[in-house]
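I've put the structures underneath this note.
What follows is subunit A paired twice: with subunit B in the first complex and subunit C in the second.
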Partner chain A sequence: MASEDEINLLVIVVDVNPIWWGQQAQRDPQFTLSKCMDAVMVMGNAHMAMARTNKLAVIASHCQGSHFLYPSKSWSGEDGGGNDVSSSGDGKYELLSAANNLIVEEIRNIMSKIEVTGNSTDTLLAGSLAKALCYIHRLTKELEVGQEIKSRILVVKAAEDCALQYMNFMNVIFAAQKQDCLQNPATTDSQAQKEETETTNVMGDFFVFVFLY
Partner chain B sequence: KEIWEPRGYELRVQLQCKNLHEYLKELSPEILDRLYNHPATCLAVYRELPSLAKNYVMRMLFLDQPLPQAAVALWVKKDSQKDHDECVSVLAGLRLWHSQQLQGGLQGYILNPVFKDNLRTALLGGGRAWADEGSTLGPDRHARDIESLDRYAMERWEIILQFMVGSPSAVSQDLAQLLVQAGLMKSEAGEAPYITSAGFQFLLLDTASQLWYFTLQYLKTAQSRGMDLVEILSFLFQLSFSSLGRDYSVEGMSESLLTFLQHLREFGLVFQRKRKSRRYYPTRLAITLAAGVASNAGFIVVETNYRIYAYTNSELQIALVALFSEMLYRFPNVVVAQLTRESVQQAIANGITAQQIIHFLRTRAHPVMLTRTPVLPPTITDQIRLWELERDRLQFTEGVLYNQFLSQADFEVLRDRAQGLGCLVWQDVAHRVMVVTPQGHSEVKRFWKQVKMHSS
Partner chain C sequence: MDEEPERAKRWEGGYERTCCVSSFPGLLWNMFHPQGGVCVFSHGQVRLGMMRHVYVVIDCSRSMEDQDLKPNRLTSTLKLMEVFVDEYFDQNPISQVGIITTKNKRAEKLTDLAGNPKKHITALKKAVDTVCVGEPSLYNSLNLAIQTLKHMPGHTSREILIILSSLTTCDPANIYELIKTLKSLKVRVSVIGLSAEVRVCTVLTRETGGSYHVILDESHFKELLMLHIKPPPASSSSECSLIRMGFPQHTIASVTDQDAKPSFSMSHLDSSSGPGLSLGGYLCPQCHATYTELPVECKVCGLTLVSAPHLARSFHHLFPLQAFVESPVENLQGDRFCQACQAELKDKSMFSCPSCHSVFCVECDLFIHESLHCCPCCIYCQTVP
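Coming up: the complex of A and B.
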């Protein structure tokens, strides 16, 4: 039986800026936040399905901070959480459907609780990335003897950049690089991102950025 | 599965544990296709693939058109061509994809549609539920927590192993028969079964391999019991993906599946409060079945002075350590043993190999030992192997001795004849002595009589 002691951790940071998504709904009613979350969940499912030791974390990033969608604070872990979580009732692997239900519930909570004030309309992405790095660091500390962990961050970026965030953003990227992890942005066609990708291009594959605009 | 290596007088049975893929490759294509009709099976098979093959499958999972073989070959660099070829053969052997001709006349690969649909269902949802969830039954008044499930599973599994070692324990007739059929025990007429050398080797494996070996044996006999192999296998995979601590309902399970569930209950893979209970709990053993994850913490420390310290109270574990080492002291929480030449060679005489002893020590290594690389001291592992090799210096072959030839010519004629027949074992030309295998002896003797009659 194939048993690997290597844990593969994928942290997905999703930009759920309500203003941008609201505008997006007007631009193109086909592509909404729920569609985006569905796609993100399929990506997470595919990652978890690959091996038993794969781990997933999803962080939602918005204008007032960031929030862990999965694993959430109310999630008791794999064992014994059975009775609380409703089953999928269809052919999806149980673990995946439990995770998906959690993510959906959490994002619903967040979106209903966000209050947008006029001043802060930019996504605090750097903060979410920092949270992701802290989570990775914590899991690395909690490893048992003989286990290794490999981590990656996938960033799904929606709203445009904020100039104020630039320093924080760069700091986070360099911090990740210092952990001997490399980064690799995947860009779409936007002029404004060219500079950023140039700076991050020197690095390898730790971050993967998906730009939605 | 079992390889008999005849070495003259010694017949050693080598225990070989097949893994999931090897087992599946032996099934007929129709059974395989029926098997892939269940998302749990597809997920289990997918997880066991080598990582490159997993990537290939994932890339093609959402494609409905065949992909040109040339395009797939471009996915790897030139120097990893060997890995690519291996992947191709693994995927084809399991019937996960096949070649199909594209419109342009090129050859392409396309995923097995049944497998593709069911793997998609496992990831995306939709389709039938795997099993009826226990939620329809309401909460269990006699719910079991994970600790008690673990204890139950280990208890039942140890009872089986203790039965093999020879301690008296209550094991059903069915189970005893299964052990005999698996070659792990032998039973003379009217007497209780006793363990074979394959059984010794089985005892030293880690729990996951033991489980898997046992299950494979059970599956082999399944058809003779009138059970549907596909049904049982699908249920087994489904079980391996269930959540620990959760109860599931027996709704919708056929007669043969219910019988299978009772057998699983006896092996300790599921827990059911009563035979007629409507719900069952999978135990950790069932979940490790397809995963091969070591569940028990290690408890053995091996030192470079050949001492073994086993921090355990379990009679079974102590008996297992005693199989190949000499017991020195026993304390309430630890047993001290010594690896000696005699004890190891005694174990080898019983049919255990040095590799198995080393594997046993490594898989039960105490966490303190795991921090070291290599886990076991190299002096110990080398010495165990050397003790095994010592026994192999001499090789015995049965034969019939021909000597006292009157002339060199006679000797050469007969020797050439024996060589021609392929039954010459050994010869000494100077002393005109040769040894022939027992099987070839009658033929050579006949030939010799003919020659003598000719010449005289």
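Coming up: the complex of A and C.
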């Protein structure tokens, strides 16, 4: 059983490349970005509901940048700042409903405000993964004495890879491997990591990739 | 004799201010590096020796039983060596390390030059029980290292790192002749002293182009060891050639496959332990010998076998990330948030990337330069690193 002092952090990186999702809507009208975000929110809620000390972060990876959907910079994380967020009347755990509302609002902002330049369908994941690792690093530094943190990154990848990103991607993977080694020194042998599929074998329970294509 | 740098040594300048000097050095070291010894020194456009063959010579003489490092010098050294071996193979995956110990006026090899960290770590763990006796022999240990290093190809970098605690050495022949031989073989020798500065080591490191440091305490010892992990700039006289490497694919066959044939792994020929027959593994593209792990040099055809991520790990040495520009937080208009970790910028200074002008906090700057080696926001602005 997990001890009280162990914090489980889940960072979900979602690929929201609007061009790919637009093409996807034409391929299969049933599966849209909003359905994907619903599924992601269910996963996030389930994770936060498992234990009081579980933490969540969601990053949206766009072709022009990556943005933290949750926790948001303007949200302090306590209920005091949520007066304008109407609490759901059906008795849902407030933290979950606040998180969901926040995610929905942020993704709406992102999709409407950002102008898409170019027509690349590649996904630029390395930057979002780098930000995820910086966030994990920051939370690890902010721990109190005696607390441990176990972190994982769940990547929901939509579009294909950009070959130009190879070196950045590998740098991020090695940095994650090093961080993992501090907490879980079981896997030290590295196998071929050319494709993300092989990477999942190496990373074990640190990275989980979900491919939508 | 030879020209020596004009330095006022303690015994030359008289005994002035010895009380100040003995208690301050540790404090000065920390003041110099407020962020815990972060030294962002990029080589720039310099050729680096990335395929390295390093022999580490560990002094196991009587002086290693001294307890100024807890619990004694030998145990402390061996523990730090394990950390060194791990970090070394992390930063230099296509390099090799060998360990030599010296005591009782003799030198012997603890482990041969190999690219597998496990062997070295097992040997280091077992070496904790060795009895420290006698005097070390610099000549014999250097000679033993040279026997193997002189056969290494010219494009690789040949290095010897000596951890010397004794102030004496017992040599059967003239060590200055050996220094000339080392110079001609282009071997770089560096020394980490645990007691005090010894003149013969100064000459040795100066002639061969290595570095000589004497430790102040255990944390300084670790810092000095870690300095040797970065690949050194290649000397101008080393050959520059195209190196042949093989990139084997990992094959996994199951018993039900018709073509599956079990084979012995070539890497276990010498050792009696380890798995025998296996169905899959890495096949050398030239001779199809099987190996269980990489990187390795094929025993049959001599081809260096690596996988692409091993080379990718070395890439950040060649193209180091630029240092971020420090500036006061007051200059920033609008929201004061670190763009990597979303934390509020509470410190007085912030760091901004010179290419994409994104703002980062102190912690993220350290993390990005030490582990990540890529700016999280530059990836969107430029196409190729």
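The rule we apply is simple: the second predicted complex is superposed on the first by the 186 of 213 C-alpha atoms of A that agree within 3 Å, B and C clash if a C-alpha of one lies under 4 Å from a C-alpha of the other, contacts with A are read in each partner's own complex, and residues count from 1 in each chain.
By our rule, a residue touches a chain if its C-beta (ideal position, glycine included) is under 8 Å from a C-beta of that chain, and two chains touch if they have at least 3 such contacts.
Remember, predicted model here, so these are calculated numbers, not experimental data.
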Original post:
Between subunit B (first) and subunit C (second), which, if any, makes contact with A:F174: first, second, both or neither?
Top reply: second
**OP:** Once the structures are superposed on A, label A:G91 by its partner contacts, choosing first (subunit B), second (subunit C), both or neither.
**Re:** first
Original post:
When the two structures are overlaid on chain A, which partner does A:P29 contact: first (subunit B), second (subunit C), both, or neither?
Top reply: neither
Original post:
Regarding the shared-chain residue A:R138, is it in contact with subunit B (first), subunit C (second), both, or neither?
Top reply: second
**OP:** Mind working out whether A:M50 is in touch with subunit B, subunit C, both or neither, as first, second, both or neither?
**Re:** first
**OP:** Take the contacts of subunit A with subunit B and those with subunit C, and give the residues found in both.
**Re:** none
Original post:
Along subunit C, where are the residues that touch subunit A in the complex?
Top reply: 90, 117, 249-250, 293, 307-310, 312-313, 315-316, 335, 337-343, 363-364, 367-368, 371-377, 379-380, 383-385
Original post:
Which part of subunit B faces subunit A closely enough to touch in the complex?
Top reply: 19-20, 39-40, 43, 46-48, 51, 54, 58, 118, 121-130, 133, 135, 139, 145-146, 208-209, 212, 241-247, 290-294, 367, 370-371
**OP:** Would you tell me which residues of subunit A are touching subunit B in their complex?
**Re:** 1-3, 42, 45-46, 49-52, 78-83, 86-98, 100, 144-146
Subject >> Complex contacts: residues of subunit A adjacent to subunit C >> reply: 64-66, 68, 71, 73, 124, 126-127, 130-131, 133-135, 137-138, 141, 164-168, 170-175, 178-179, 188-194
